[in-house]
Amino acid sequence: MDENGYRVTRRALLKTAVGIGAGVGFIGPWRWARAQAKKPIVIGLTCDATGTFADSGQADRRGMILAIEEFNAKGGVLGRPIEHKWEDTETDASVAVRKAQRLIERDKIDFMIGALSSGVAAPLSELAQRHGLIYFNSNSSADTVTNEKCQRVNFVWDANNWMFANALGPLVVKNLGTKWFILTHDYVWGKNATGATRENMKKVGAEELGELMVPQGTRDFSAQLLRIRSAKPQVVIANVAGIEQTALREQAYEFGSDKDAAWVFPQQDFPDMVTLGAKKAFGYFCTTWHYTLNEPGVKEFTERFKKRWASAPIPVPDNVSSNGYIATRELLRAIECAGTTRNHDVIKALEGHVIKDNFRKYPSTVRPWDHLVGQMLYLAKTKKEGEMKEKWDMIQMIADVAPDVAAPPQSISKCKMQSMADTPVYGG
Amino acid sequence: MPDLAELVTQLLNGVVLGLLYALIALGFMLILGTMEIINFSHGVLFALGGYSALALGPHVGWWGALLLAPVIVGGVGLLLELGVRRTYGRDPLFGLLFTFGAALALEEIIRIVWGPRGYTVSAPAFVAGPFHLGFLFYSRYRVLVAVLAVLLLGLVWAFLERSPYGAMIKAGAHDHEMVRALGINLTRLRSLVFALGAAMAGVAGVIAAPMWSLKPTVGAEAVMPAFIVVVIGGIGSFSGAVIAGLLLGLTSGLSNLLVPRGSILVMYLLMTAVLLWRPRGLRGQKSMLEL
Amino acid sequence: MHAALEDWTPRPMLAMFGVFLVLPAILPWIGGYTYLGTEVMIWAIFALGYNLLLGYTGLPAFGHGAFFGMAGYFFAASQKWLTGGLWLPLLIGILGTVACGGLVALLVARKRGIYFALLTIAFGVMFWFLVFVLDSWTGGEDGLTGLQRLSVGGIDLRGNLPLYYFVYAFFVAASVLLWRIVHSPFGQVIGAIKQSETRARAVGYDTPRYKWVAFTLSCAFAGLAGGLYALARFGAFPEPMSLQQSGNVVLMCLIGGGFASFYGPVLGVAVFLVLRDFFSTLTDHWMLLYGFLFMAIILFMPEGILGVVKRLRQPAAFHDTGEAEAARTGEAR
Amino acid sequence: MSAPILAVLGLRKAFGGHVVLDGVDLAFAPRRLSALIGPNGAGKTTCFNLLTGLLAPDAGQIVFKGLDITGLSPDRRARLGICRSFQILNLFDDSTVLENVRVAVPAMRRRGLDCWTPAGAVSEAEDKAAAIVRLVGLHGREQVAARFMSYGQRRLLEIGVALAGEPELLLMDEPTSGLGSRPMETLRELVQRLALDLTIVVIEHDMDFVLRLSHHVAVLHRGLVIAEGPPEAIRDHPEVREAYLGTLRYTRTRA
């Protein structure tokens, strides 16, 4: 009876408690409820899931999420949990701007990370600058965003065309030959890349045998391949991207042109190589990273990544996802050492920041004058199917270049950074 | 300066391309002429052809795919027609918009099934690699493409000129009474034509896939030349389509050689020029589509 | 006096202006955001102008995104290299677009129906490619960015709210202007052309000339909207010129009921953009939903929202008069 | 008879191989009501389309008030004062009766590119339109949309729109086709009234309409004018009877 009554009362108590709880949860304004918990730091992820860069965009995102989850596991930053809001930027500037606007206005993000196409990165960095929102360009390799289009709030984490070309120059001459021929994809990226290539090949005294423009939408390269064959270069440098590159490789392979000369595709993201498959992904290229590198921390990072993304299309970290990971991780670290999310302080914390555990031989540096992350590069070539340990083990590093050699010197920088005063205060 | 070998190569490419364009355009024009519907989904049906070939190839081989893919795409066409049907006789805009919507949906379906990335389709083994003709080498597969295209064009021509259906199709939208008088079920005729047009897009897609490789948006790249071919050739003219196709192909071939950057734009300039010279296109008759 | 006001802005329009005036205050509470409102108004200007062509002249132009987009380039280019400032570039944006539109119109004004549609598509795509060919001016796929910071009368347009009301002013002006146009003699003529071009000619109108004017006028509004769009996105980008965007504006006019009502396009734009915003957060494959939506509207609601409303509100008796008359005078036909 | 207001010389038109008009000569005197009759497919409507410029002749010349208008566009001819009504109703169906007429009034036409003034405020056109609506006996229906009116009234409106152009030459293509007896009367009176100060050419199947109203009749057969003259003469014209009899009975029963 007593027990019974006791039990009853307890149940009654429980009921009321639950009832009140539910009531509060239901009617109580959620802002109030949220205020009880420590306000989370919200990071907006702008990664393509549709459009040209869909694959890379998703790889990028995997890296970021992994980094965020690791910090949350350690109890977040400044004791605050980290939330992320993702928007598909669709490789489309208009969409990207709209979605970024939504992240800023509605989701009240504190920071924004993510870009592959320079067409998306540029407007996003402008938008960010106007709000004072710190924006990390994780994977776009256009060099304009750290020159004419540089912004105070904008940090660029991938190596750019100039660096790739600059790194390639000596390596090509040393390893492959001096007579070179160039194919240029006839749009902005291609022409920038070729400009950089030419500049740097001149520096090392290589001899240009000729250039062919590849219009967008080109599917048939027989004429170009013919021209190359008759020019007899030792090196063919192809600044050709997207489906055109795929088609070019197809036919070069079909016509046996891949044996005519050493083919160099200056910059190449791993997801694109996967699309291509080892057989047709012949030739040399430049890259920032691959999980097969034998450097401190790589193994552990790779394990963690594999564990988290076992079911992903590309279950191993590559140059894209590692960029996303490192960028995010360093942002959170910067917040930690700034002790606030106030943009000015975080920017100060970032400028000049040196990243030692970047899974590479040499540390990277966030260069204060153009916000480019100066980092080392590798000259690599695609492995033959026989040499591959597993499906993803496609890349064989041949040589490497130290950051200070690879990155453009301040003297040639075209960046006129806004002053802090000219950058609206955001967050904190 | 381009040498002879390149000139020849590009001219050959031009012809191959032109025949392909003509093929794509004809399927498009069948529907346009018969039902006065601008079938915007023509491009994505083309893509669908390529993708289904990609999927079928390993199982039924390339020839099998060449035969099966059009059937599949034709089927999709039949389904589409069930919706398009409701726009007949209404403002032409509705047919256009319906197929436009269909194009978006189908493209997204392709994206869901095959992913956003591009695929390369390898040519059947027996035509892999190039011919080596001393001073130039030319892709065997392209020769095959040309042959197939000519064959198919011939078939279509025979169908239009020699079969009873041809007459009805040509009478088409402009003279329903006549069609009825001939005692044909107009509804069935229209479904047939739509399926046929779709199938032609599909087969073109199969043929083109190894040359152009596949990505979800490949359809858009294919359908615009078709539009231009129709505008240049004149609506409802078989010969017009073939002539315009070849004209377009050669133009883009040559411009590829001389002004690579403008090679796509040149097509449109050509179109504008033709329109200025002959407002109805090369072989177009005055129709109720204009003043 | 009151009638005069009606000539300028009838009550529904005043109501519309009222809604947009207070919208920024409401938006956050309904999960919206100011910038979305700004985009709605910009597209509304574009769509209203376009409907002059589609709804009022009955010309199915399908490449209009090209004009919307090119205006952005005129704006950005003149702002960067030519004049700087804000007003001149906006003007140049309009004039440049009008010039290009006028030229295209010369080639298409004599056509009608699908032939007209086909040509406008082709020319639209031509401009799209032109952007990439002229990338040394347009910046190609990177777009033409790096506009100066702009301010009107000391108010900085960086913030979303000032921008919103800046656009709002143009939205009001454009709506009123278009209202006047469609109810003017010219409006009557294009209406006549829409209903029967042959008859319009037979009563003495040089219809191609009027079609040309209608096309060019709509390009002027596309030009204004395009300039503002560039302003809102800190630069000009190729995407708005793509065929799909051209399709979008047609759909916007249709959803709202551009054939049935002056306000159709505005409603259409609002519904369209909000839905898209909603879908795209819902799923990666929102394009699928969107495509089906497209088809469904054509099949089941071609007259658009306001069209349906109108149909429901139409007094049945009104229909009957005709039939009754026929019955009375015993004329079957 | 006085100098013709409209003269047609050797007008020829063929569609593909099929010759519709084979060298037609016609002349219409001012302020008379002339009728153009003939069996179906005789080329009457084609003739109208050539006169109004909807079609271009293969050969021949059209002279209006001494001015060669053969090459002019339909709208130019309308502005010169040649207005027509269509056999198959061709109205602005969504517009009201008043709007239908108003848009055709020259006063409105001259303001055609005016994008600012409200159309209703063009008082000159407004009044003229109202007058014409009254003239064709549609007063009271001004604000009804054309599509909602009875067939008979639409026929009248068809003529009203033609009249609004302030024609000197009015071409009416089977104005009575498909009309019941009562509207037929209204229409007959209307035409009679108009004929007083207007040159009218009418294509008509209904013979007693023709015989009672017209001053002058031309018979078109197999693309040729086989007879011309006052109605009485035509009625007893042997060739006409011979060529016409069958079709005449046919049309009677149909009308």
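Chains here go by letter, A, B, C and D, matching the order in which they are written, and residues are numbered from 1 within each.
Operating definition for what follows: a contact is a pair of C-beta atoms (placed from the backbone, for glycine too) under 8 Å apart; a residue touches a chain by one contact, two chains touch by 3 or more.
Since this is a predicted model, take the numbers as computed values, not measurements.
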Touching both chain A and chain B (chains): C
Length of the line joining the C-alpha centres of chain A and chain D, rounded to whole Å: 75
Separation of mean Cα positions, chain C and chain B [Å, integer]: 32
Inter-centroid spacing, chain D versus chain B (mean Cα positions, whole Å): 47
Whole-Å gap between the CA centroids of chain C and chain D: 40
Numbers and ranges of chain C residues touching at least 2 other chains: 201, 207, 287
Residues of chain D touching at least two other chains: none
Interface hub residues of chain B, defined as touching at least two other chains: 111, 261, 264
Pairs of chains, among all present, that meet the touch criterion: A-B, A-C, B-C, C-D
Residue numbers on chain C that touch chain D, as the complex places them: 7, 180-181, 183-189, 191-192, 195-196, 198-207, 210, 213, 217, 318-319, 321-322, 325-326, 328-331, 333
Of all residues in chain D, those that touch chain C in their complex: 52, 54, 73-76, 78-79, 83-84, 86, 90-95, 99, 102-104, 106, 108-109, 111-119, 122, 125, 144, 147-153, 161-162, 164-165, 178-180, 182-183
Residues on chain C engaged by chain A in the complex (per definition of touch): 28, 31-36, 39, 132, 135, 139-143, 145-146, 149, 158, 160, 232-235, 237, 239-240, 277, 280-281, 284, 287
Footprint of chain B on chain C - complex, ascending: 54, 58, 60, 62, 107, 110-119, 121-123, 125-126, 129-130, 133, 197, 201, 207-208, 243-244, 247, 250-251, 254, 285, 287-288, 290-295, 297-299, 302
Contact set on chain A toward chain B in their complex: 49-51, 54-55, 186, 212-220, 222-223, 226-227, 230, 242-243, 246-247, 250-251, 254-256, 271, 275-276, 280, 313
